[in-house]
Structure formats: C-alpha cells, structure tokens
C-alpha cells in the first residue's frame, strides 16, 4: 500500500517535469537541458520568499513560479532561439545554462540543504498508511495542473495553435499563427510546471544546488520512453518510471533507483527510439 | 595534387616548436607547481584531441566522453592497487578496456541522430558513475581508489613523458584527420545517405573512430590516475565532458591541433582562477555560452590561420 | 545480343496498406540507356531504393552481373558496380566540390595513382572544374546535379542509376545534362537506368522505356511506342495533364 501511494507521488512529480519537457520539444523541437534548473529555481525561489523575504508561503510560491516562467522565456528568446537551427547547439547551451544556474545557487546559498516550508504540515492516514499531507497535495496538484493543461490544449484556440505548430511549424506560420510568441508561451508553461513541482516537492525532496541533475535525467528518460512530443506518453511513462523506482527502492535498495531511469533511457533509445507513443523517431 | 588536405610544413613546424617550448618551460621556471599544471594541461590535451577526432570531425558530439576517461582511470586503479600489478600495465589495459566499451556502446548508439547520441552517451556515463558508487566495496565508493603508484617518480620526467605522448597522439590523429579517414568522417557529417551511395560503410567508420577516440581517452585516464595517485567517481561526471568540450570549442572543432591550445589555455585559466575557486565552473559555463554564440569556430584555430597568412603561408 | 547486366524478377514492397511496388519484372542489357517513366507516386524512386537496398524488398530477385543483390548492404552494392544518385541532391556539406567527388572515389573499383587528379578529370567532364574548391552547399541546382553525377561516376560503376536528373531544371540546363549523359554513356560504356516523369527528355535520350503506374509495369518498349500506348496515356491523364507526356 505504501508503494502504491509513494509510487503515485513520485510519478506525479515526474509527470509534471516530463510534460513540460515534452511540450517544449513537441512545439519547438528544443531539448531543454535547463529544465531541471526551473525545478531547482522553483524550490529555491520559495525558500528565498519565505526564509529571506518573510512572505507567506502562498505569495512566495506564486512569485517563485512567476520568476521562473520569466526566466524561462528570457532564456528561450535570448539563448535558444538564435540556435534553433542546430539541435546540438541548443543542447550545449541549455546544458551550460543549467551549470551556470547550479553554480550561481552554490555561490549564493552554499551547498547545505535548504528548508522549504510545506503547505500542509500534518500527516494523513490513508488505508492504514501514514502519508505526509504535502505529498498528497503534490499528487493532487499534479493531476489538476496536467489535466488543466490538457484541456487548455484540446479546447482553446490558443491550444489549437500550439498543436498546429507542433505538427508543422512552417504551415502554421503560413496560416498566420505567431509562432515566436507561442514559443514563449509554451516555454512559460513548461517552466511554470517545473517550478510548481519544485515548490511542492521542495519540502520533502532535497534542496541543494545540484538538485537539477536528477530531474532532468529522469524527465529525459520519461520523455524518451513515452515518446518525444506526446503528453499522454509522458504521463504513462512517468507512472511506469515512478512505480519502477519506488519498487526498486523498496525491494532492492535506494542506491539503485537512479539507474532505473537512466537504464530505461538507454534501452529505449537503443530498441525503440520513437518511444511508445512518439511521433518523431530519434533517427 | 592529391586533393587531400595536407599538413603543411608551417603548421607542423609550429606544432613541433610549441611542443619544445612546453617541454622547456619548467626548466626556465622551475618548481613542481608549474610542472603539475602543465602535466594536467597535457592530459586534458590528450582528452580534448581524442574527443575532437571523433566528435569534431563527424559532428556527433559525444557527451559521455568522461565514461572512457573514467574507465581508463579506474582500470589503472584496479590493476595497481587491487591487483597489485606494476603501474606500466595500466597503459595498454586502460586503452583496451576503453576500446571495448566504445564497441559495446557504439553499435547501438551511433545510428541515433546527433542529440540522441549525445544524450545516450551522457546517460551511459551517468550509469557508470552510479555503478562505481553502488559497488562501493570494490571501487571505493565516493572516495574511490587511493594510493596508486606513480609511473615515473620524477615529476619533470613524467611531465615530459606525458607531453611526448600528447605530441605523438596529436600528430597521429592530426595526420589521420587530414587523410582519407578525415575526409570520410567529414563526409559522414555532411550526409550519411550520400555516403552510403558513395560506397562508404559508415557504421564501420563511425565505430572505429569512436574506438580510437575512446582508446586515447582511456589512456589519458590512466595517465591521470598515475598523476593524481587516486581516482574517484567524479571523473565520470558531466562536468568533465563539458570541460573537454569547451576546450575543443575554444581550440576549434575538427582541427585536432586547436584543442591542444584550448586545453592549455583553459587549464591555465583555471589555475589563474584558483583564488576564486568556487567561481571556476561558473566561468567555464559562461565561457562556453559566449563561445557558442560569438566564436563558433573557436579561438585558437582561427588565430593560427591569421598568423599563418600573415607569415606568408596559405590561408 | 548484349549480355544481361541487371535482372529483376517479382520485386515487391508494401508499406502498411500501400502496395508501393507490385511484382515488377525488368531486364537491362549492358550498354542500354533505359528510362523508367511514371507519374508521381508510381513507385519509381521506391524501386530504386529497393534495387540498391536502401529499403529492403518484401520479395523478388535482383541479379546484377550474375550476382544476387538481395541483402547486400547499400554501400557494398556500390563496390559491385552500381551507383545511384538522389532526387534531392544532398552533397557533403562542409566539403568542397572536389572533396565531394573524392569521397566517391575511395572504393575498391578505383585504381588510379592520383585520386585528386582523377577527381579533377571527372569534374572537367561534368563541367565543374572551375568550381573545384567551392563549398558544395553553395552550388546552384543545376551544378548540384552535375556534382551528383560526378560523385556517382567516381566510384567507377558499370550501372549508373539516375533519379530524376532533370527535376527542377530549366530547359537549357536539361539539354546540357542530357548531352552530358549521352556523352558519358558513349565514352565510358556505361549502362544507364534513369527515372523521369517528363517524357520529352526521354524521347531523345533513352533507347527503351519501362512505364510504371501504381507500382506495376504497365508498358515497355521504344519511346515512340510508349507515347502512344493507351494505358500510359490514361495513367497520365488520370493524374496530371497529357501535355506533360507528349510535349
């Protein structure tokens, strides 16, 4: 039972990260290695808001997410867009950005773990298992936010524009869709989701400068397994990976959990580069 | 004319001169500090050159180069400490082991498009790093393997040994890059389907060049192990690969000789920044960003080309 | 009676529900210039891909010079004496025109003491000698086609397969390339298999036409016969305008 719940929470966090990652790839063909930094900045932003600026948690969280969204848009406009002709170039530059952010966090805050307050401090009991309320909240928020995003894309005009661009960027331009502005919007959404994950998970996952690495490795794993550019694929793969990791942690040992995702990536890339639902193959 | 790019005499002479100057430097400025810095620079040079030969020419950027380095280094550690063999065994074994990994990883990953190959290799390096930590009883975990014996006790002589290897490897790979090997690798970068239509077995060439790249990376790893006298999982980290890639960018992708200059420059820069130790990585990353944007051809190679023209050589 | 260079029997390929190439039989004798004609989507390029194993056929025999080509990797087929060009020319970006041809001449069929000189000769033949040092990506469309031909020739092939060599070219360019092909055929005793969907060019160049539609061979014969063949005309009228066939 514990596995069921913890697995769900883990999957929820991964899903939030993966969906954002796959969204920006599906729309702009950008493999954003700085995505993990959005997650980290969400957590650190909340810490700064509450710990240093003394704001209430809600305000700090909202500010942090807004800040990260803005940061993401700026990075996209200034650093990524000029290099869009080269996927490798984008890879290098986002990797460099993630390193710069990590270093900046390290220089400003040092390497000790920081404390991000939780929205819900109490433990709840579900099915005989004690679960931290915060974890359940994370699960809830993840489901709501991803659901909202899905509805947004399927039901609104803006959402249709996004879908159009992800299918054929050139054609979308001819139809008058302002792709540049949509890229910024999608980046903002993508970054916000990651930051939200950071805000929610900060209290129970470690907050230190290198916290961006593992999420990006896992987001990449999920997106490769689920298929680049496919949101349902990401959700499915996030569930698979979240549960796989939780199972490994309980049955084998926690040190092996990291390998699960990376191994999954490698194996998937080797045997089925398009992933389960992917539209674009890796070759 | 044979049509292949020639290693013109001017460049060759310049390279030889640079090598001599580097060898002589510690004699002019004595002290183990300089020797240490230059030794590390030379080893990074070997790593950078080996990366450039494969990734610089084919355009398939390998984000997991640190895997071959770590494998070579750990091989040295194992042989020397766990198996108590003499240190000279490390050199051939590290090369062979790294080459083996290259074959193993190359087959499945080289058919992937650029970014996916890069990330697959990155994942492989991360896995290796994790494995070193998981099997800590055999590998020493976080602390790695300590008390590795040096190859040559005298620091200066070891430096000259490493420098000599750097020279040999650079000239060898530089020559290869300008021969039909290099032409084919650059053609692979140009268009793979057309290569097939021209009769070139691209998979073979890609794998062999990865193997060559890995061999020298592993050798460098062993040399590093016998210099630092210890190895740790940090060698497998992304940071190592990114540092090397930055050095190649600075030197000039695909030029083979440029990356040596890049390695030297950046190692000296790192030392210069030692006072602001924590800022080093930051500087590297920002530097990388700037170079990708403003100097995609690098610093060293274009500079050398201008110098060459100024002295009357060909452009 | 010339010897048979290429024999194709029962070549077949499906892509999911699409039966792209249906049971194609074909015989090419040495020294011929044969044209493969058909509207867009008839399966011509797919057939080229099948013959050279860029795509694996589902069924069929392909025998070149007495040797089966089934299962032979594309790059190995070149060493056996078959060279092909692509409809969308993709030169080696980053390499000069000369280097592009040089890459083509690295195979085992080439025995020449100075590959660079040989490459220059080939470039002269196709009219690109002056642009030897130009980066390939800067060439005009017509020049790219010439480069493709030079690159294919560099491998010293016996059979040259040209995929729509005139696509996207103006009429004077077409005449020039047509003349080039005729010249090369004569000088090097090449056998040429050529895809086009504009019959006019064929009329002057080829000695025999094989017409395809929806993946099957619908007619075969001299150019004059094909032009008046009712099935061929129907295939074209059904798809595009008949002017393309006879103009």
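Read from first to last, the chains carry the letters A, B and C; within each, the first residue is number 1.
Following the convention adopted for this analysis, a residue touches a chain if its C-beta (ideal position, glycine included) is under 8 Å from a C-beta of that chain, and two chains touch if they have at least 3 such contacts.
Note that the structure is a prediction, hence the values are computed from the model and not measured.
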{"item": "Chain separated most widely from chain A, comparing mean CA positions", "value": "C"}
{"item": "Innermost chain, taking as reference the mean of every protein Cα atom displayed", "value": "B"}
{"item": "Computed distance of Cα centres, chain B from chain A, in Å", "value": "33"}
{"item": "Distance from chain C to chain B - Cα centre to Cα centre, in angstrom", "value": "43"}
{"item": "Intercentroid distance (Cα basis), chain C paired with chain A, Å", "value": "49"}
{"item": "Contact set on chain C toward chain B in their complex", "value": "52, 54, 73-76, 78-79, 83-86, 90-95, 98-100, 102-104, 106-107, 114-117, 119-120, 136, 151-152, 154-155"}
{"item": "Footprint of chain B on chain A - complex, ascending", "value": "31, 79, 82-83, 87-89, 91-93, 95-97, 99-100, 102-104, 106-107, 213, 217, 220-221, 255-256, 258-259, 262-263, 265-266, 269-270, 273, 282-283"}
{"item": "Contact footprint of chain C on chain B as seen in their complex", "value": "1-4, 180, 183-184, 186-187, 189-191, 193-202"}
{"item": "Contact footprint of chain A on chain B as seen in their complex", "value": "59, 61, 63, 108-109, 111-116, 118-120, 123-124, 126-127, 130-131, 133-134, 238-239, 242, 245, 278-279, 281-282, 284-286, 288-289, 292-293"}
